[in-house]
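So, here's a batch of structures to check.
Next come two complexes, and both contain chain A; in the first it sits with chain B, in the second with chain C.
Right after this comes the complex of A and B.
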């Protein structure tokens, strides 16, 4: 397929502003007469708040908001799921602190320093409650309950044994399936809590408006959900709530939900009757969210010929103090599991447990890297125990074209129509030299190299033929200006992955307009239709899907106006890009001499008072196609120091048509770094005596790999499978989360191939490697 | 939370020293109430965390007389406010003082090195200070001034405990002085962190002199494995006057690792430090020996 701009490497629309420091992020917003807000956060993991003395702070001129001052609304900050499947357990400020670092009181003053000093003058009387910090003890009958009751939709429900929610799914007859197996492998895996480590901490700025409304500038992945939730909590009509779309300094999923400081900022601004700005410190942020940890017990039955016949997966998730998206997570984890291999008959049980820790939420992959680590480690274990080649064993059992894919749990499914799994596994094996891979027992010496494979996927959006538990559609407005340039208004947040450029390219391609003559408009919730959120790797497939849909309507209108001018039937007209003159024209099919530029059409439509060539509409994608990935990674383990280096990595992706190929490669390479962090470095550990993070909220003791730990760029190879997704804009699927999902699994499999030690828990630190080598592994010194 | 790392919450008086006498007079007057500010890469962090709350901050980076690297008579003299970046870029240090160069190169990120100073690294007196092991093995001496006068001490007497040195509240570190590196001498520094730009889990420096195949003198210092950066004298004495062989290196490394007293903290475990200090000492010894022109 040949395209005019799709698949071309072109300058980012926000590139110049970003490299010149001119791009506006929420923390850059300055509103006249604004105050600065800070929060007082709980020092205890579990404590009732008996009283709050704000007199000293108020005497310093500060505005103080306590739990008594906020609306008595219990909500869930993530409103992506339909209301009846949404668990609600929190208020803007709680009457009981449930984790260290939970905001209890908010303070605004003329400067941030004064606000901070006033905050320290507030006296809170706590009744300290026994904390629940250990997943194993959380469900004991004697464990302190975090909640007596919470809400599911409109129903009040009781919480028993700190179980927040659970999902149990059976497909076929797993027991009969296992009975057919020649070999059964069962293992337990554990994935840690890690911090999102997005560059930008959270900001909220709220300006109360004279009409009783509010304008909000905030760090978010969804301006419309923030708007609706603020309207609901504070009882303000949506027509008076406006949330601005701004650049975001990375998110990794940490802003899918309305960030905790946004409603706090609104409460302060409404009480102060002045604009208020809040910028989280890094420690506020580390104490605000984390990736879902997971403990996964997996059992798989396989026949002698390598056919899988049954599987059983039991998942426990320590979700921390609130339910942000635990219930959909458990469904999604079931889906990632169900869609990796053809288990035939299988069972799934997922349980989310409340503890007095930082609330966990989605982070790049949403349960997928966790499930992938268990399943892809397991596939290697089975292959070794049964004597299968790991690549061939995967090829024999993977879920591919014509199979059903669970894009967002058991209620969002569609049939796979494009798939590059075989191409990627064959190509990757060839590129890494799989045929020459030696088993670990043939290796000795201090430095040992190993090669690992893992494959995975993520969904592209949460659409499907039927409405499921998750809301998914997007909107766009496109208009052709009177000189033939084009304005695109999209509510879709670009999290840095290039969704904005993709939207511009889609419009340019449909209308045959040069890339530089299409621009993204600054927008907000008042000027755009609804978009659910940039999550679930849906920006390009769903967001740009809507843009494609609306661009087609604009094209129809353009051809109609051109037909009137040229006195031709619009059906007899087509669009073309004239490279020599750098203009876009409408011409008679097969007869280019009869033509008019689209700028002339738009100008004449204005002069003749026909109207603007524009359209607004929404689109729901009816599919959730998987974007597949495969990782072939080589490691070098220093058996004397336990240090693991990655001398070589092959990153393969099936993203359909790569609309921004440079940024697809960027996603894959960036995710290699994050996956290395997940495999080898990161964990936010708790002091179980105090409930505090061992890093105290500081990145000094919360290290992630940087460019220094990465392989040299020449040693990273990126490969795109040759696929075309028939339901995506110009054949495109997503990539963002897929890029990460099998990295840690491939690293762990490579470590096994190097030293013959299977790690069931990440991060695989040098300390753990040395300990394992001493405790049974063979040491070659 | 009691911190806000965007804010220096406590009030203090900021004093900017224009010359040494003025700074020493302030120190004599304010003593424990004052803190010296140079690069601020340690002090400001501690202030933000509320660990120290000085009433007076005395800024010394404006005093040009404290910022120099001199290499005239064979001795290397480094002024206390010389930044880590200046040291890293200095050709003589890069060419002759390998352990110091490698230590500074391994430290932090560029922005921190552009601000942080060698005097500050010593003044902070962290057991993990990366410049400490090289200065210990070079037998450096420190020039320390107060209003009463100037004294010079060997660096081996400088560190007292975690975050503690012999600097009195009225004293200022002026200069680090390193004796001439003789011919057939080699030095090296190695460090393990969690990631590249990190505080050390373990660091080690070696400086040895060679005569033919014999190691005539050797100094070894570890950091981050005891309450202070420390010399390991038993290991040193095992090597001195001996013909250097692989076996001897192994033996000395074992002895060195047996002398340290590591703890488990956020960066690593006691067990790991005990095991791996031996490994990196072996490597540091080999590197220093080779740089001294020796073969194994």
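Right after this comes the complex of A and C.
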């Protein structure tokens, strides 16, 4: 299919501002007369707050907000699930600290320095409670409870054995399925807590308005959910709450919920009756959120011919001190599992456990990299034990075209209509030289190389034929200016991946307008319709799906006005891009001489007082197509130091039509880096005696990949499958989260192929490799 | 704390500032001069987002007391180029997809500038080594390294 701008490499709309230091992030917002806010955070993992003495701080001129000063509203900062499926357990400031680093008191003063001094002058009397830091002991009858009761929707519910929530799903008859199996493999996997490490720490600025409302500039992936929640917590009509859309300095899921400092900032600003700005320190930020860890027990039954007949997965997630999105996570993990391979009869059990740790939330993949690591390791184990080729075994059993895909747990499903799995596995195998891959026992010497494969996917959004437990739709407003340029108003956040450019390209393509004549408008929640969030890899498929839908309406209006001017039936008219003049025209079908530029149509519509050629609408996608990926990764293990290098990586993706091919490649390569971190380096470990992070909130002690660990430029190859998603804008699906999901799995499989040791836990650090090698190569970790 | 006058050059302009001796260069640039290109990412020299050039050398402005900058010459990303006269590095970052969220970009550009001033045609290994103190969580660095390499080649051609 040939397009005017879709699939072309064009400069990002925010690019020049970003390379000139002119792009505005929340931390760059300065409001006249603003105060600076900081928070006092709990030094204990579990403690009741008996008293707070703020006198000394207030004597210094500071404004102080304590748990007594915030509305007594218990909420969940993530409002994507329908209300009756939303667990609520937190207040703006708690009366009981449930993790080290939980904000207890907030302080605002004329300068940041004064705010810190005032914060230090506050005295808090704690009653220290026994903490729950070990997942294995959290459910013991004797374990200290984090909560006596929480809310599910409007219902108060009791919390037993620190089990926050659970989901159990059975499809078919797993027991009968296993009975048919010739071979059964069972293993346990463990994936760590990881810090998002977005480059900008979470920030909020709030200005109280003279009408009793507030204006908020904050780090978020969802301006509309922040707006609704702030209105709810502080009892402000939504017409008086305005949340601005700004650039975001990285997110990776860390801001799909309303960040904890946003309502704290609002509380300070309302009390001070002045604007307040809060920028989290890096330490505060590391103590604010983490990726969901997971312990996964997986059992799979397979027949001699390589057909899978049954599976059983049991998941335990240590969610930390609050439920942000644990319940939908458990559902999604079931969905990622159900949609990887045709298990036929299967069982799933997921449990989320409260502990006195930093609350876990979504991070690129939302349970998918965890499930993928277990399943894709398992596929290799079965293949080896049964003598199947890992690629062929996957091809025999994968969930593909015509199959049901669980895009968001058991309630959001659709039928797969585009699928590049086979193309990617065949092509990747050819590119990496799979046929020449040697088994680990043929390798020796200090440096041993291995090749690993893993495949995965992510959903594109959370749409479906009928409403499920998750809200999903997006809105857009588009107008044609009187010179033929176009303004696009979309509430969809661009997290850096190019969703904004994709929106512009979709509009340019529908209206046949040059790319440089379409611009994104600065918007906020007052000027846009609702968009749920840039999460679930939905930016392009759902966000730009809505943009496509509205652009079609604008086109209809444009043709109608053009019909009046040209005295033609609009049905006889069509749009075209005139390359020589670089303009968009409306002309009579088959008779291009009778034409008018769209700028002339818009200008005449204004002069004749017909109105502006514009439209506003919302759209819910009726599908959630999977965007597939495959990774073929080569590793080199130094058996003397345990250091793993990645000499080569083949990254394959099926995103349907790649609207921004350069940025799809950027997502794949960026995800390779984060996946390497997940596989080899990263974990936020706890000191089980104090409940503090071993890294103490420092980046240096929580290593993420730098420029030096990446494969060299020419050693990374990217490949796009040739697919077209019939339900997506110009055939597009998502890519964002998918790009990461099978990286760590492929690395672990490659390490096995290099040294013959199967690792069941990440990160696979040099220490763990040496330990395993010293254990005679038999010890799996 | 008593404020002091200091004189320094920022992006080619003489500036006089009346500042407290405990103020960090990063905060002075952002809050006093409104130069928001240098970013706060950690405040303790771990991430490189606040990198600026001091007399042509890449330095972390979050670790420098502004009063020590008396008589020094500072370049921030705003001084590297402007939207209508981009520095070849800025152009190259745009052309090679080296910008995603953009929060590390200013620091990356200035570190790269210091590198190319020191070594006009570094190989890939040298570029990786030089940039290792600047963290990026979006791009996986590859596009950034490539952008620096291509900018170096372009600048060489322009000089010849």
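Quick note on the criterion: the second predicted complex is superposed on the first by the 777 of 781 C-alpha atoms of A that agree within 3 Å, B and C clash if a C-alpha of one lies under 4 Å from a C-alpha of the other, contacts with A are read in each partner's own complex, and residues count from 1 in each chain.
Please note the rule applied: a residue touches a chain if its C-beta (ideal position, glycine included) is under 8 Å from a C-beta of that chain, and two chains touch if they have at least 3 such contacts.
Treat the numbers as computed from the prediction; the structure is a model and nothing was measured.
Taking chain A as the reference, the larger set of touched residues comes from C, when chain B and chain C are compared. Once chain A of one complex is fitted onto chain A of the other, the partner contacts of A:770 are limited to chain B, with no touch recorded for chain C. Using the contact criterion defined above for the overlaid structures, shared-chain residue A:56 touches neither chain B nor chain C, since it reaches no partner.
By the touch criterion stated above, A:279 is placed in contact with chain B and with chain C alike. Contacts of A:694 after superposition: chain B is touched, whereas chain C is not reached. Once chain A of one complex is fitted onto chain A of the other, the partner contacts of A:703 are limited to chain B, with no touch recorded for chain C.
Contacts of A:663 after superposition on the shared chain: chain C is touched, whereas chain B is not.
Of the two partner chains placed around the shared chain by superposition, neither chain B nor chain C is touched by A:431. In the superposition on chain A, A:41 makes contact with chain B only, while chain C stays out of contact range. Chain A uses residues 113, 279, 281-282, 698, 700, 704-706, 708 to touch chain B in one structure and chain C in the other. On the chain A side of its complex with chain B, the touching residues are 38, 40-41, 43, 101, 112-113, 116-117, 120, 279, 281-284, 287, 640-643, 681, 694-695, 697-698, 700-701, 703-706, 708-709, 766-767, 770-771. Interface residues of chain B, counted against chain A in their complex, comprise 1-7, 9, 45, 192, 194-199, 266-269, 271-272, 275-276, 279-280.
Of all the residues in chain C, the ones that touch chain A in their complex are 22, 30-31, 35-44, 46-47, 49, 76-78, 81-83, 86, 90, 93-94, 97, 99-106, 109, 124, 127-129, 131-146, 149. Chain A meets chain C in the complex at residues 11-12, 14-25, 27-28, 30, 113, 196-201, 247-252, 279, 281-282, 495-498, 662-663, 665-666, 669-674, 698-700, 704-708, 710-713, 716.
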